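Dumping the structure here so I can ask a few things about it.
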Amino acid sequence: MRQYFKNIYEAIATILVGMGVTWRHLFTRAVTIQYPHVKRTLPERSRMQLFVEMDDCIGCMACERACPVDCIEIKTVRGGKDEDLGQTSNGQKKRLHVVQFDIDMGKCCYCSDCVFPCPTGAIRMTPEYEFITYDRSTLLTKFATYSPEEISELEERERKEKEAQAAAKAAKLKAAEEAKKAAAGTDEPKSE
Amino acid sequence: MEPLVQFFFNLLPFLSDWPEWLALTVIGVAAAIMMFGFIAIFALIAIWLERKISGHMQDRLGPMEVGGWHGWAQTIADTVKLLVKEDIIPEKADRPLFKLAPMIVFTAALSGFAVLPWSSEFIPADLDVGLLYILSISSFAVIGILMGGWSSNNKWSLYGAMRGVSQVVSYEIPAALALLAVIMSAGTMSMRGLVMAQSGNILDWNVFNFFPLTTIAFFIYFIASLAEVNRTPFDLPEGESELVGGFHTEYSAMRFAFFFLGEYANMFVVSAIAATVFLGGWLPPFEALGFIPGPLWFVGKALLLVFVQMWLRWTLPRLRVDQLMYTCWKVLTPFSMAIILLIGLWKVL
Amino acid sequence: MIQLNSFLIISAIVFSLGLFTVIYKKNAVGILMGVELILNSVNLNFVAFSKYVDAHINGQLVAIFIIVLAASEAAIALAIILNIYRDRETIDVTQLDEMKH
Amino acid sequence: MTAQEIHNKIQEKFPDTIIEFNDSVLQPFIKLTANQFNEVCQFLRDTDGLDFDALMNLSGVDYGEELGTVYHLYSMQHRHKIVLKVNVTRENAEIPTVADLWRTADWHEREVFDLYGINFTNHPDMRRILLPDDWEGYPLRKDYVQPEVYNGITIAHPDMKGDSDEEK
Amino acid sequence: MKKSNIPESQFELQVPDSLKTEEMTLSMGPQHPSTHGVLQVILKTDGEIITSAKPQIGYLHRCFEKHAENITWHQVIPFTDRLDYIASMNNNLGYVIGLERMMNLEVNERAEHLRVVVSELNRIASHLIALGTYGLDIGAYTPFLYVFRDREKILDLFEEICGARLLYNYIWVGGVAYDAPDGWREKVLEFCDYFDPKVKEYNDILTFNKIFIERTANVGVIPAEVGINYGVSGPSLRGSGVDFDLRRDDPYSIYDRFDFNVITGKGEMGTVGDTWDRYWVRVAEMVESVKIIRQALENLPEGDAKETVPRNIKVPAGEYYMRTETPRGELGFYIISDGSKMPNRVKVRSPAFCNLSVLPAVAPGVMIADLVAIIGSLDIVLGEVDR
Amino acid sequence: MEANQILFIAIALLTILSAAVVAFSNKIIHSAFALLATFTGFAMLYIYLSADFLAVTQIIVYVGGILILIIFGVLMTHRIYSTAKKTAHNSILISLLGGLLALGLFLFIISMYPWAPTVVKDFSPTTAVIGTEILSGYLLPFEIISVLLLGALIGAIYIARQEDKEK
């Protein structure tokens, strides 16, 4: 019987305590931020959209290898022999044309693993977070500035260079072989 | 009947020249439309208030966008949204009953307004058995809930309906007994008579009349009425964490809106009854405040109780079914019976 | 003017419907509903006579007693039906015939 | 109690069951035969002084030729651990269940069955747990080939199909 | 000594035949407000009473273990974030310490301290969610918003130190990804001062509310031996009165240097091991976590937290089972390395998985509302259950 | 025709039609819910008969009590989670015959006797009169019916819980 009345008393008392809490909060300042009108300033480390400074990219593919979800796709073309591709901001010389640097933000897991291996600090995460779209394909960001013609031109040149190199190599090899042969003996008749 | 007719005759004198049946029909329809309009407006305001109150109690702001000032048009926007939403009826549902259920629930809530005394002049129907009438009306809502829950052909809905029925049927008893305590002291069941019996200042109100007996009766009625309108901590029939949405899980669009409207109308009805029976209805607390018209006092008192209902809702967790029954049968009912007994003794001695 | 006759006719129709229900339904709960219809129609007669024939309101008082009786009858009947259902898994009255044998 | 002592105790009671005991690695383990495994576990759990009342972890492993299950036991009372290993052949992958001794094993064994296809004999409810019941194959086996279609749904996204492995 | 096995059917409710009404089979979930994600429980009910409850999991299965076999050691870390996405720091920590022990790697002092601070902050954040959603399960809406208000502050701190709010990828092999920025330490201390009085607020509005106590006390009692046998761990096991905390009993990182209490359930409001006890353990643990954070920040050494991070990770061949105390319990990583740059096997012994497995044992005989309370008190995260 | 009479006819039709649904419906649950309309119709007819207290009592007891009992009875004795359940019936011919016979008999009797009202009463509140009557003239039946109600209550509980005794 005592327990019965104690229960009733406790119920009433604790309900009143709880009501007191909510009553006090009725007059405390709300913590909500009215988002589109007021925006929080994000700390500089905020990991939101990826950004690549293409001038600094040397096409080393470190970020592509580091990405755990394969959202970065890079294609490079070797620069010409005497071509000057400029320097990165930390003074490294660029040797490759980065003809394709695609980041699919729809796949990105925002781990920032790609940021750390970059030797030139070209890829970084920015506090930019408003990139919602209705179309998933627009999340694929292309950073490379080469036009398709330029790319095919560069690729063509690279192919030619490669061929030339291969030819040179083959010629070199052949020459070496011949030299070897010549050294081994001159008595053998030459074929054709 | 007379006060309302008189009220309308004063308001629109030409009505008295019309044939009686026509005048009466017009008055009846006008009163019903007024009540419906009141419910609609009240629901709009109450839902907005509920959002703002819950928001501020939770350190939030609540709706802020629609309509400019503190999102005052949010509920209107939501109503429009509900109106144009697709009305989904489950394929295996019992269609006639499914469609009927929200109407019954809403009609029951609307019928309750018939006997509310807004002021000494304006009482839609001053029944001799007014209070009993209100108690009887709530059984319609029960059937509506049961109908909706069963016809949805959803097990969660059925659970919600079963809980709702057992809850409302049980809590009618302490609610009726608590009101009976006052009926005993006032000697009438007419709403008007009940208010008239409390005339004087605040100490003549029933809530202080047989202090502390009627005060306890007031709290008992308030708690039981919370249960009757399925508000937290007694919102088991729709307890969203257990039964998804309870009896209205499968309802959408306007049918859902009618359940919702019914709930808010019921909130007002039970608060208004408490205000009438215990807090002196349209009477001001002191004679000096008599210049404020009666309906404002009445609505103000009812709104105060509605606010307390909301306040409780955003404070308390939900009871379990067996605890609900325990509270009803082992706490509220014995207490209300004891109060009736004591008031009887008081009256006799 | 609404006459006594109208009530009597309504009552008669509902009574016959109730009787029909009692005979027609095999389901015990259905039969109970028929009984409720019959009781209601009887009640209506009592109240109608109370208004038109009786100088006092004896009819209404009888009707109140009938309502109470109907309530207790429904409670008992449903308790029995539930019990039968638990035992037999059916409440089809035509199958509840072992008392005959 | 050290791993050596635990090993000795088992050796004493079940002389033929221990295949290998390695005390030199980070976490010493005892490799056991499958046939008496349940009895050994019962012994480990119920013997005073051993009291391995908790099965911390149960995991399937694919060693290439063989499949195996690794049990990490812990004693709440004495605060000592031991690792048990049971290896079975790919063709005849059956291990006695320990779900009756440690209820933890119930779901873990189902998971191993689900992902490695090791059947635990006498398990009360040997079904797949994480994958759908009609899934084919045991994905964590090293020789598992990802099917292209499951119930008419293409599994691999066209962009992703098989490019992740070769490139690295 | 022969100990008795705990049979599967021990807890199955035996309803006498004569009392049996029709059993109803209910599918609770995978879309249900209080299954904390995509858990499905197949319920058999007799009225409001549950006669059996069988969890069906796997709706969120993301093949973590298969995935981990195809990526490098370091790339696994972002994936561990996504196991228990409410307490990612603790997941990082478990995996990373496992690797460090296999590689025999020393971590510098500042990094160790930062690790402890962020893990404990994350523990508070996770327990806050547990509290809030538990209140929601019981029907109290407001505490949920209060805890989110305070969790938000922790997330802000995290964002400042590592840039992310939920999936941090912060604790790396050999150290941490970023050093703490200037003023971060003071901000954390400020948070600690702010947080202590808030616990009283939670207690006022929820913990000691009579309705809440009635709903949770004496419900879903897990006796200690049953809990251990089922592999229940963490606050759920401590709620059953088992004085066991890996931070103290199997220490990792630098937890052995701090002074904190291990909270156990004492059955203050009902039976030892009921849902209220599990809830209360979480509340009290938050206070202990604040204590640890204060101590760690007091001794936070100066220096560079990143200096010991190796550039390329090669884990020597071997295997190791590393277990750490996450907010949900014993998170184990069983790591097998064959010496290559990718793991051979990473098995996750997830605490939520084991905690959930006890549900069929405690559910029979309770009401539907209690089942919700029990699931809430086990504090499962489906990301971790299904992996 | 006055509005009053139109309303009366509407109510009468509601009562009779819903009673017909109760009788003829194939789904027992529809019968149960149709009873709601029948009971309400009767309550409204009582208002026409100046029996306001009785009308309210009718709703409280029949709708709030008996009807819910009946619906619960239906739900508990059927596979309650399927809405498509239909029930079997006896021969409709015999039943119709029985019903029509009774109806014919009643109509015959009603038409035989000129039911002229002997008293004309205006509406006056009945609550007080009923209260006084129950505690004076009808005290004995009142007491008996109270005891009966109590007995029925205990009996119903006893029957419904018989298993406990067996155990």
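Note that the chains take the letters A, B, C, D, E and F in the order they are written out, and that residue 1 is the start of every chain.
FYI, a contact is a pair of C-beta atoms (placed from the backbone, for glycine too) under 8 Å apart; a residue touches a chain by one contact, two chains touch by 3 or more.
Since this is a predicted model, take the numbers as computed values, not measurements.
Colleague: As a test of understanding: of all chains, whose mean C-alpha position lies farthest from that of chain C?
Modeller: Ranked by distance of C-alpha centres from chain C, the top chain is A.
Colleague: More contacting C-beta pairs: A-B or A-E?
Modeller: Counting C-beta pairs in contact, A-E comes out ahead.
Colleague: Compute the distance, rounded to whole Å, between the mean C-alpha positions of chain B and chain E.
Modeller: 44
Colleague: Find the geometric centre of each of chain A and chain F from their Cα atoms only, then give the gap between the two centres in Å, rounded to an integer.
Modeller: So the centre of chain A lies 78 Å away from the centre of chain F.
Colleague: Can you work out the whole-Å distance between the CA centroids of chain E and chain F?
Modeller: One centre to the other, that is 59 Å.
Colleague: Using CA atom averages as chain centres, what separation in Å is found between chain C and chain D?
Modeller: 70
Colleague: In chain F, which residues are in touch with two or more of the other chains?
Modeller: In chain F, 4, 53, 57, 65, 72, 76, 80-81, 163 touch at least two other chains.
Colleague: Can you list every residue of chain C that touches 2 or more other chains, as numbers and ranges?
Modeller: 86
Colleague: Of all residues in chain E, which are in touch with two or more distinct other chains?
Modeller: If we look for residues of chain E contacting two or more partner chains, we find 18, 21, 24, 71, 142, 149, 205-206, 209, 211.
Colleague: What part of chain B is in contact with chain F in the complex they form?
Modeller: 21-22, 24-25, 92-94, 96-97, 100, 104, 127-129, 132-133, 135-140, 142-143, 146-147, 150-151, 153, 155, 158, 162, 165, 169, 172, 189
Colleague: In the complex, go through chain B and note every residue touching chain E.
Modeller: Interface residues on the chain B side: 54, 57-60, 155-156, 159, 232-233, 235-236, 239-244, 314-323.
Colleague: What part of chain F is in contact with chain B in the complex they form?
Modeller: 2-4, 27, 29-30, 33, 36, 40, 52-53, 56-57, 59-60, 63-65, 67-68, 71-72, 75, 80-84, 125, 127
Colleague: Sort out for me which residues of chain B touch chain A in the complex.
Modeller: Residue positions touching the partner: 53, 55-61, 64, 311-312, 314-316, 330-331.
Colleague: For chain C, which residues are in contact with chain F within the complex?
Modeller: 2-10, 12-21, 23-30, 32-34, 36-37, 40, 43-44, 47-48, 50-57, 60-61, 63-65, 67-76, 78-83, 85-86, 91-92, 94
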